[in-house]
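Two complexes, one shared chain (chain A), two partners (chain B, chain C).
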Partner chain A sequence: MNNNNTIDVLDAGHAACPGCGYAIGMKTVLKALGSKAVVVVVPSCAAIIAGPFPNTSLGVPSFHSAFEIAAPTAAGISAALKRQGISDVTVLAFAGDGGTFDIGLQALSGAADRNEDFIYVCLDNEAYMNTGVQVSSSTPMYSWTGTSPNGNTKNKKQIMEIMAAHRIPYAATASIAFPEDLMAKVEKAKTMRGTRFIHLLAPCNTGWKIAPDEAPLVSRLSVESNIFPLYEIFDGLRYEINYQPKRLPVENYLAVQGRFSHILPDQIKAVQTETDRAWAELCAREARTRQLYGDTPVAIDCESGTKEI
Partner chain B sequence: MKKFITGNHAVAEAVRLCRPDVVAAYPITPQTPIYEQLADWDSAGELGGTMVKVESEHSAMATCLSASLTGVRTFTATSSQGLALMHEMLHFAAGSRTAVVMAVVNRSLAAPWAFWSDQTDSLSQRDTGWLQLYCEDNQEALDTTIQAFKIAEELMLPVMVMLEANFISHFMEPTEVPEPDQVDEWLLPVNIPRRFDLSNPGFMNGVVSAKQYRDFRRLASDAMEHALTVVERVDKEYESTFGRSYGLVETVDCADAELVLVTTATITSTARVALASLRSKGIKVGLCKLRLFRPFPVKALRDVLDNAPRVAVIERNISIGREGIFCSEIKSALINSPGRPKIQGYLAGIGGTDVNTQLIEWVVQDAITREVFVDQPIWVDDAVLEGEAQ
Partner chain C sequence: MSYHKFLDPELIIPISRSSTTAFRTGSWSRIRPVFEEKFSPCSVACPTANNIASAMFKISQGDFDGALAAFLEESPLPGVCGRVCNHNCQSKCNRNDHDSSVRIRTIERSASDHGTAKPVQLTDAGKKLPVAVIGSGPAGLAAAYHLARMGHPVSLLEASERLGGLLAMGIPGYRLPKKVLNHDIERILTLDIKPITNHTVDHEGLEKLLDSHKAVLLATGTWAPTTMGIPGEDLKGIIPGLDFLLDSSIQAQVKGRNVIVIGGGNTAIDASRVAMRNGAATVSILYRPDLDALPDSDDEVCEAEEEGILRIPSHPMEFIGEKGEICSIRCREIVQAEYSNNCISSSKPNIEFKELFPCDVVITAIGQTLVASSLHSSLQQEYGRIVADRQGRTARKGLYVAGDAGPFQATVVDAMASGKRAAVSIHLELTGSMDETSTALLDSGRTFSIMDMFKTGPKRNSDASAKINRYSYLTASETTPQCSPTIAADERVCGFQEVVGGLESKEATAEAGRCFYCGSCIGCDLCATFCPDVSMCQESGKTAYEADPEHCKGCGACAAACVRGVLEMGEEQ
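After this line comes the complex of A and B, so read on.
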């Protein structure tokens, strides 16, 4: 990986909770993004982490826009920079899951449909955290939040499929437990044009009820248990799985988080079944990609099911 | 060059002449022809800037405001529901001190659904921190749009230019369209702050303390006050190049008037005709056309109305539960007038209903003979006029 161009663009002293996985995600993305960038944040923990006026933890010009307009804000800046003859500056928007899956979805869809030129990073901590942990359409089934006190009753919305349906050039999932993969994805996105979407699972120690040092562990478990597989989608069509997971039982992932502390054995089974189904589905898409578009470089063992390791 | 065009077309001509960098828009009747005309020119390579065909008015304003902060010239146009949907972004565009220019075609807000002229859509945006200018005809819509770019970019405050549904948006009038090089000379290339400067990175719109918030509001309020001078000066500069100006308010025959009729927008044109006829009958009536609504030109109005014994405000909008919005504003502007003119509000033309000379003459007769001035609006509709005829 070429790190020559990277700088520490998220300074110490930012306002995240101790050990915040989401802040680690931001820092990693910004490191790969480098200094030739303009960053948009919207109301979310990202805006808090970016700092109160007149301070900032971000090392690049940045703008705190309104909640549901991360995408059109980035589009406007990007279009204006081009009008000024500036073509070597990347515009990147950070938005939370609420700002992406829910209130900002229309605006994101519009911008993606027009293939506006920016990188969009959804910092997905699976609830409205800035306002104190309320359920969003990204909150997983059975998870506690302040507005799902008995556990969430619906499955997480499939944002990657929604983005793929827009046939944008690039969409990828990423995890803070795989920082090199995350940075490589940001760097790859930087070389492309059009709407590029990165779905970053961003553990929230406070809302997920995990200890301050557990965010990387929980992130790793999310990948290894197939709850959050790492993959890319090119042009909305070609799927490529980036990492061969260990396929740990989902229980490992659920058990370490206070937000699932009330979960019942049958519910764990249901999560396992759904996770297996989703993985099989993803693998089938990748296989179909190979069939239709030729070999993809990474070979993954795509048998479904759980391995005990 | 004189062209026989609609008000929408006139606005589009003005926008093209001003060489916008980013235009973001979304269709809504009766604004759509502005959007279509600009899109036509865009596809013919004649617009110059980038056209962003967004998925909502909310995103149109989001795109324009962020482009403006990046330092380019921006324009959008909307109407009614679209303007209401934008509301959050209007505050945001003004609070961020952008120079966005927007044409608003005044149209009735649902419910019930309707497509007629009514000013309540833009007047509901009164407190968003935008300048507001109301136009009487196609020519004024064109001229005001050109002026708006200069005003917005000098003040770093966004400007709304209002034209009425149908009466201006779709009615055709001979309209003088200036030559491009004349406009280029009058309106210099955009030169507003580029907020996202790589060599001096900052974080714009970070969360502020209570005191900082107050101070930012104060700055915006001061800029708005200063806008009175800027709007007036730009209008004069426009006159010296293009030969047309409009003032903050315009007066006709007010000096000796026993009654001054206050109007805005297209009702003014009809009032001009009615007043000529009333004057010929010896009735001492004057006309005061209000063009600028935000900032509110208190001094200019007081200069005209302080010594008027009676004032009648006739308008096509309502703040339900109170009265016509212009009437309330005029009352508040005159509260400390030494002469304390009597003020009566009349609602006419709501929902785009016809305001003809007969109606205006009725209003003048009513106001000039009225013994008691009431603090409720008087609805002037067909029934009132017919009752009068019986």
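After this line comes the complex of A and C, so read on.
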């Protein structure tokens, strides 16, 4: 069937659960990416969506790699393309939060350290959903998972700060509920060179215990309640907040999700306090870095991409 | 080093070359999104069923001509309604639960102020079936307009020298400038309508009209004052409200005098404000909360109070005279039960109750009834109106009634709505195409859309208007409505210039942009954007979105994201 909304980037018939936030996220990213691209997928729900052999849902050439090596695989493909003199093809890696925050962190850090030339999209659904909801270092405090039945006891790892510490040219958070913002960020990343990182919150209806139609709604709530603010970091230094949220109470976000159904009033208060603190800090960082660096990009003296061997 | 020496990758790794579209994931569910455009809550509240959502979207895109055309589909008087309508629509606006309703009436006015459009002919099936319309008030004009759009040659008879009826004579210029009314009337007269002014129809005249025309519509309105039935009503200085509004020589008599207006509706408020503009020393309104109609909208009450008019709830019991002239009114106190019975927020009393109200002039505006003429007395009446059914049909075949003369609500927009229903009923009867669906549409439902009547396919159900979902309020930011410019109270009481101004086109565009466009698909594509299964499609050239039944998993993300309530989940057919 003809669909003017997505042109040959993701095919129907993939095996994601009904209402999957990952699929919405991948579709939006691929739409902004366009057809001149190579995509790397690693074990995660993204690999399920990409399809079982001999079928694939992706409309661009893609490569299934191992769990922890999304970043170096993308770096390798990027280098190979350059070696062949092809410079107009973007290489993009999809990895889950497990493959980014936990297992793939070392490989990602290495690639980002060398400022390899690719876009890395972390599809964050805040647990190992593909294997049946086990806790990851991306799981938020108090959230139920199969391995944290009484609620997670640790705060979510601050991956954006880790990536910023690598001083990569571009890092941004994005949400599936803000498709225009997400597409603009992918398009902006496409115009840059070096390691570009997009942290995309993509709810898992099954693992978050929400109804199949609630992924966009819950994503929206995560932004509007400041749990997941939308911002960019340029050159690892200059912060820019992209959306001024309505600052709804975090309870609105927590109450709609079954994974927080056991949460106590004191715990909600604690989440609210932490969210307010993080937001205040983010705003302060934005103000401070703007004062320090202005609106012009910060010049970093390093060459991007793999050098000629 | 050259690359062709490498192995063909296909020999060492498997490569997927077919698409996943081969997998029929549609079999996972029998629930599918159903696309159905609906009435918006505001359209349902609008007696003439204006396609408000569509007009709003056009104005938000800066298309004032298109918006005016959308209003003209259902209503011939957008300039008039944009100023004097009681805007039921706004009280039903889904935005009320979020911040504040969209100022729909102001937008209708903007469409009329900034846009140009011509009436559209619906059919020419009525070409050889002439119809006469008696009376050119809102009901008569609306009926003539819709009859002419359906092809009927219309004779529009008017007793006075000008068209417009109550709109021309009963609504003062500070609310409805004459040139606005004339502009709307000129547009109506571009259709095949023959206006005959200075023509009074009596009983014999009606018989002649019934012979020479296939049908006659009576829209004469109610022009005779209702009496209060209390002692002293024949004293000098007691003037019926409509007489006061019609005659400028009577108006001039109130200069420097103390005026009391009795009644609570539009005529009472208008009469009091006209008295103020004619230099009355003081003007008070005595209204009986349990009996009197309330004014159509709070705005008017506020404006009157700003101009220094007092509103006092009380019950006149007797007019007391001195040498045959009115000098005071004796009242009894209002019982609490009566007061709480029928009360709107701003109709709070603003002075203490007294038993005796001294005055020089009393204007009674407690309602009107049919004029006792040979035309009316030959027809069956009940409660001071001509007996008719919902479609305006009287006991006599070929004779219809609309507006205040019939048993319909007495507001401008309700009169127009009854004129439209009667026009469609006449058309269907004369062309012999009255069927069950049409009868159901005409007789039931809270509102009646002529465009639905003439469109093919399923008709919208006005009892099932578009609902708003959780996502709408979450995505909408809270905004304040645009304010219309208003002349200061002390300045406006000096003359008859229009009190409330219109919006600039930019402001109107911003105001219309606040609309959720409930029930009307505007092609925002959110359903397709949020479809994880890439199965939401819009066939080229069509407005409807449809889910691909072979791949849609029935998750409902599309319907949850449909801010307009057009998509809802339902069982697969």
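By our rule, the second predicted complex is superposed on the first by the 287 of 309 C-alpha atoms of A that agree within 3 Å, B and C clash if a C-alpha of one lies under 4 Å from a C-alpha of the other, contacts with A are read in each partner's own complex, and residues count from 1 in each chain.
Just so we're on the same page, a contact is a pair of C-beta atoms (placed from the backbone, for glycine too) under 8 Å apart; a residue touches a chain by one contact, two chains touch by 3 or more.
Predicted model only: the values in this text are computed from it and were never measured.
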According to the stated criteria, A:36 is in contact with first (chain B), second (chain C), both, or neither; which is it? first
Would you sort A:66 into first (chain B), second (chain C), both or neither based on which partner it touches? first
I'd like to know which partner A:84 touches here: chain B for first, chain C for second, both or neither. both
Which partner does A:119 contact after superposing on A: first (chain B), second (chain C), both, neither? neither
Touch test for A:53: chain B only (first), chain C only (second), both, or neither? both
Is A:172 contacted by the first partner chain B, the second partner chain C, both or neither? neither
Would you check which partner chain A:224 touches, where first means chain B only, second means chain C only, and both and neither mean what they say? second
After overlaying the two complexes on chain A, where does the chain B footprint on chain A coincide with the chain C footprint? 51, 53-56, 84
Footprint of chain A on chain B - complex, ascending: 21-22, 24, 49-50, 52-56, 58-59, 62-72, 88-89, 92, 194-198, 200-209, 212
The chain A residues in contact with chain C across the complex are 1-6, 10-24, 27-28, 51, 53-57, 84, 176, 179, 205, 211-217, 220-221, 224, 246
For chain A, which residues count as touching chain B in their complex? 35-36, 38, 40, 47-48, 50-56, 58-66, 68-69, 71-77, 79-84, 89, 106-107, 109-111, 113-114, 116
The chain C residues in contact with chain A across the complex are 3, 14-25, 28-29, 470-471, 474-475, 477, 525, 528-540, 548, 550-551, 553-557, 559-561, 569
